[in-house]
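Both of the next two complexes hold subunit A, though its partner changes from subunit B to subunit C.
Up next, the complex of A and B:
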């Protein structure tokens, strides 16, 4: 099948629209309402083209090609139609391009230059629309709106939350939120990119630069394990904004709010700008050389009694160098699982716990069971794929979790259970609410990172992977941080070397936070927020003789307990690579120069490695990582454990940890606009089979500690025997919807 | 032959007399020399001298920080930073013109959508320190205040 556009012959597929053919072949047709990933409404009439044997020009976005069709995009009739449409659109559009942030990349500006007229027949007053406050992230200038409805369709079709809508008719048409509320979706920032004019703007970028001054640099997001591709726009060595980079494998044209606005925290006042060393109770500035010498000296002194915990947000390069340095000095306790507490069967875990299905293949699945993950909050990009699957392929999606939440895609069934019930979900014969899946269908069981915080993590994994095997389902584990897969591959584990090679004489009774260590090294972790047990880690900091921190930000506990602090640059200020959950190694470059005297983690570690006589260079490390990943023996993700011990259920309420994606790493925790936007206390449910009333006192146990809880306020009552405690947030004292207080 | 004519001309001071003829003619006319700095030549209303930032009659600065002058400046003499002011408008936090770089082409004046940056008729100025050549926002606004009346007069003349 073929058609002619401007007398050039093009091969086309059936059901192609004219605009699709034109886009594929770089023929420009002006458009506003058409977007390749949204539905077609043909409401702006900008893409009118002339088709032979048709009386009037037709919209190219909604006209489907026919054999031998002859289309003209630039003859007199088409141009006349475009000129007239342009004049209509400009009737109410204000002439405030000099102050508009969209100027320079504005589709209306471009099209008006190409197809517009220099004069208008309209002499009456222009329309003005009152601005809406739709949240901290998106600022509005609604007078500029041309009613293309892209933002409305995005909410309905992609984000799954109908937040913006069109009210009124004709000149009174307005885009607004139905019930005066801000945008709450984790994908809300995408309307900024979609808006062809300057009606919806980026609040952080507002009036701070002009588009023609910006320098564009590509990078990888550091906020979730999918590794979205992004562009940073910089001006004068400052990040001005972040936009998605088109990537068919991961983030398509979209970006989550955390990625888009997550750079705000790098300018925080809490940044550590100099190497610090403890001198008479105070941390004082020093230089890198003396710090390195001191560090090596401590390592040699306490080698066997050291414990090194690294954030899984670090790059593969940092991870390799970190474990190489420490293993050379006989440090054996190296880990990245700061939020986990079940290490009993770590030997049985796969080499790289990962999400092995290509994201594009999610559409072809028949059943998906999500265990313990609020996909639309924690992995907004993944939720777009799930939504597409349930819409286009009518995939059944089930959600099992330890706390209540809402998803932006339809759920076949959702259950809120406590950890014991979750463990026995498929083994307990009494449980009649079980999900029965067909063996012959394509199934997927997806374990979310929040499950890894539970004390019966291995039991849950074992039982679910057994069930997955029995129904021929794919078994996938989502990583907690940007480079969790990388941490497993690079051997940031006590029982494995890089490449997943097991260490034979490993102690089975391993506990990350239990034993007393003389030397504690925390790499890019904040004791206040990054640990499953924040009391225990503070005790540990008190107990140990020397505490060494590699950190970008100063916190209370670093101020109190650190002996040496290496100032780390943040992810945007350094280069490295992330292994995403699909096991794709993605490299990112330095976007801006590190603040103050802070240095890239890889540089610091490379220096330390070379002081002990390793002749590494950045290139040799990169080669090494590639080699490790090529040689790694990757099997499936099933976790099979022999002689599994059951966890004893207790009468106490159990402490469960909510994973808060808006504060999963130190930089995000300092993004004021993100913290303000999303109600960080909103998704809790405190459950009890006992009748809970306000001012009741509860005791719940967590390892060896017992907490007394006073219930302040009661809302949900969902899973039995569970108290939800959020970590990673800033409001530590509040527990769940009850806003409880802990008395020790 | 030529040599002989040349000899006769020089013998009777003919060249000098020819020159003195012009001197004699100008002697009776009004001199065109101007005694600068006591006297000054008239300037065009479109003269492009030192820059100024203008204000509205109510005292509000005109500049909206659109950066068009910065973008159009062929000598890259202008640099500015912008912010959202408390009343939610776009304003500059820094506006600097390096007068050593500036070539006084007047493009900035042309580009300005709000007639904020103008080139006044001031052409007599000097710098005593090198860094003085960079005019900042405060200096430019001050000049704007001083020359506003003159500027309005010039604009009236320039009207088509």
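Up next, the complex of A and C:
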């Protein structure tokens, strides 16, 4: 089939629209409401083109091609129509380009220049619209709105939550929130990119730079294990904003709010700007050389009596160098799983835990069981694929979790269970699961990172693996952090070297935080947030003789317990690479220079390695990583453990069972606009190792406020272990089996 | 005069099922169920009777029905009772005085197209009488098992559901009505796909005007020839004309299509106070205006009105005498379209406001010659460039008023006052 555009013949597919053909062949047709990933409304009438034998020009976005159709995008009729639409659009659009952030990248400006007239016959008054506050992230100037409705369609079709809508009619049509509340979707920032004019703006960027002064640099997001592709825009060595980089494999045209606004934390007052060493009671400034010498000295002194825990937020380069340095000094206890407490699974774990299905292929699945993950909150980009799959196809999605939440895609079934019930979901004959999946269908079982925090993690892995095998399901493990897959591949583990090579004499009864160590090294970890048991880590800091921190931010416990502090630069101030959950190695470059005297972790570690005579360079490390990944023996993700005992530590209450995606890394924790946006969701946990009875009351100390939790009613013997508290007044919230009331 | 849709109007208790059945109501429906008339035959009868849509477009009803996709199992019928066109008030009376003809028509239409559900969408302002009467009539019909499961012992099951709008003119546009029924904002959809292929909830849907639906039972009962011969001259069938404006006795008249305008005028006892006829809008405010002398002897039918540059439209005949200031009439009409534009597509959203504001300026004595050209230009920029016909409806009056009464507009911008004192 073929059509002619401007007298040039093009091959087309049956259901193509004119605009699709034109876009493929670089023929420019102006448009506002059309977006390739949104539905077609043909409402802006900007893309009107002339079609032979048609009385009036037709919209190119909604007109389907016909054999032999002759389209003209730039003859008199088409140009006239485009000019007229442009004139209409400018009737009510304020000409405030000099003070508008969109100026320079404004679609209206561009199209007006190309297709509009230089003067307007319109002499009447222009419309003004009063702005509503729609939250911390997106600022509005709705007088500029041209009603293309991309933002509305994005909410309905992609984000799955209709927060913005049209109210009023005719000239009084407004885009606004239906209720006076800020946007809450984790994808809300995308409306900023979608808005063709300066109506929806980036709050952080507002009035801080002009678009034509910005420098664009590509990078990889550090906020989840998908590794979205992004562009940072900088001016004078300062990040001004972040936008998505088109990527058909991962984030398409979208970005989660955490990725878009997460860089805000790099300018926190808590940044550590100098190398620090403890003198008497205080941490004092020093230089890198003396710090390095001291560090090597400690390493040599305590060697096997050391424990080194590294964040899975670190790059593969940092990881390789870190374990290489420590293993050279006979440190055996190396780990990245600071939030986990059950390690019995580790020998049977895959070399690289991953999500082995291409995101675009999620559509082809028949059934998906999500275990312990609130996809729309924790992995917003993944939720777009899930939503597509359930919307367009017959993919059934089931969700099993330890707490209640909402998803932005339809769930076939969702169950809230405690960790024991979850463990036995498919094994206990008394517990009818009601999920019967057909072996011949394409099934997927997806284990969320929050499950790894549970004390029966191994049992859950084992049981779900067994079930997955029985129904021929793909078994996928979502990483807790940006580089969790990388941490496994690079051997940030007590029992494996880089490349998943096992260390034979490793002790089976491994516990990360249990034994006393002389030297404790924490790399990019904050004791307040990053550990399964924050009492235990504080004890450990107290017990050990020397504590060495590599950190970007100062916290209370670092101030109190650190002997040496290496100031790390943040991810945007460093180069490195992440191995994402699809096992795709993605490299990112330094966007801005590190603040103060802070240094890239890879630089510090490389220096340390070379002081012990390694002779590495950044290039050689990169090559090494590539080689390790190429040689790694990849198997499926099934985790089957022989002779696994049931974990009988019953009646326990654990910490951090609800995974707060807005606090997953140190920089994000300090991003004020994200914190404010999700202010109402505060995450608390019950104290550990305590039996709960129906009349127990718990007092929480959080930010100097006291919270009292009363368990009103007891219906089960085992409680679910966490609670999501909304601040402000007394709330009733179902915590698994319990109904609780929280007085604030 | 002949009575089709108005048959019950003069009877006592016109809206009751007793009155309707006494006049032979529901016999067509009974007959179809008893005979198990093939669907194609029902559609054939309507097609051959030349019944045309009475809502404005005048499309052949039977032809429209035959477009419905036969493959889908779920189909819908929607009766468009969102009668909002200025000057039109015929459906209002049908719903008030002859609701059962609408119900029977809907049942026959549902049967013919294979729909199991029919919606009757009433305009928001019908919340008074019409809404109550419609609901009551549907209740009665359910009680008599004309609607419901296994109707009158047959294997046909049809539900009729009444709905009421919230007062938006645009919902009278068929696809906007579908959006509204689905619970969305009433905004027209882009066509294609046409509702007969993908309509309500994505299923094939037929949308017909109330008067069209109400005519159906009578045609089935009395036959093709009866209906065709009702027309005068070359015309077929009847039409309800809503005579309003400067008349001694404004009223709704059911008259044969092809009746000369002068005859309709006589029915209304002539022009108010025996003044001279100046202009007529023969089919609701969106059709072009024509001068009085031009329309006087024109048969009121689709083609003859086309010939004199206007349309039969919805049958809302607005009569204006010599004391009418055409500038202020146009300003009022433009205000209506400005207020009722849904705001979806640019030319209509921005253009209707521009037209209205310019006319306000002219009326305030601040216009000039170039504003008249501007009105014409803006109307041309809107016409044919929008998703639905509301843009055209806003543009056509402007263009026709300017063409027919240019001198009056010119006088206004020059002298800063109306020609009519």
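We take it that the second predicted complex is superposed on the first by the 672 of 744 C-alpha atoms of A that agree within 3 Å, B and C clash if a C-alpha of one lies under 4 Å from a C-alpha of the other, contacts with A are read in each partner's own complex, and residues count from 1 in each chain.
To be clear about the criterion, a residue touches a chain if its C-beta (ideal position, glycine included) is under 8 Å from a C-beta of that chain, and two chains touch if they have at least 3 such contacts.
Nothing here was measured: the structure is a model prediction, and the numbers come from that model.
> Touch check for A:99: first (subunit B), second (subunit C), both, or neither?
first
> Tell me which partner A:628 touches in the superposition: subunit B (first), subunit C (second), both or neither.
Neither partner.
> Check whether A:3 is in contact with subunit B, with subunit C, with both or with neither, and answer first, second, both or neither.
neither
> Is the number of subunit A residues in contact higher for subunit B or for subunit C?
C
> Which partner does A:250 reach: the first (subunit B), the second (subunit C), both, or neither?
Once the two structures are laid over each other on A, A:250 reaches no partner at all.
> Let me test your reading of the model: by the given contact rule, A:159 touches which partner, first (subunit B), second (subunit C), both or neither?
Neither: A:159 stays clear of subunit B and subunit C.
> Is A:48 touching anything from subunit B or subunit C once the two structures are fitted on A? First, second, both or neither.
In the superposed model, A:48 contacts subunit C only, not subunit B.
> Could you give the residue numbers on subunit A that contact subunit B in one complex and subunit C in the other?
Common to the two interfaces on subunit A: nothing.
> Please name which positions on subunit A make contact with subunit C in the complex.
40-46, 48, 55-57, 59, 62, 64, 81, 84-85, 87-89, 91-92, 121-122, 124-125, 146-147, 149, 165-166, 168-173
> For a test of understanding, state which residues of subunit A touch subunit B in their complex under the given definition.
Residues of subunit A touching subunit B: 98-99, 103, 206-210, 212-213.
> Report the residues of subunit C in contact with subunit A in the complex, numbered from low to high.
Interface residues on the subunit C side: 168, 170, 185, 190, 192, 338-347, 349-354, 357-358, 361, 374, 377, 381, 384-387.
> Mind listing the subunit B positions that touch subunit A in their complex?
Its residues touching subunit A are 64-68, 71, 82-84, 89-91, 113-114.
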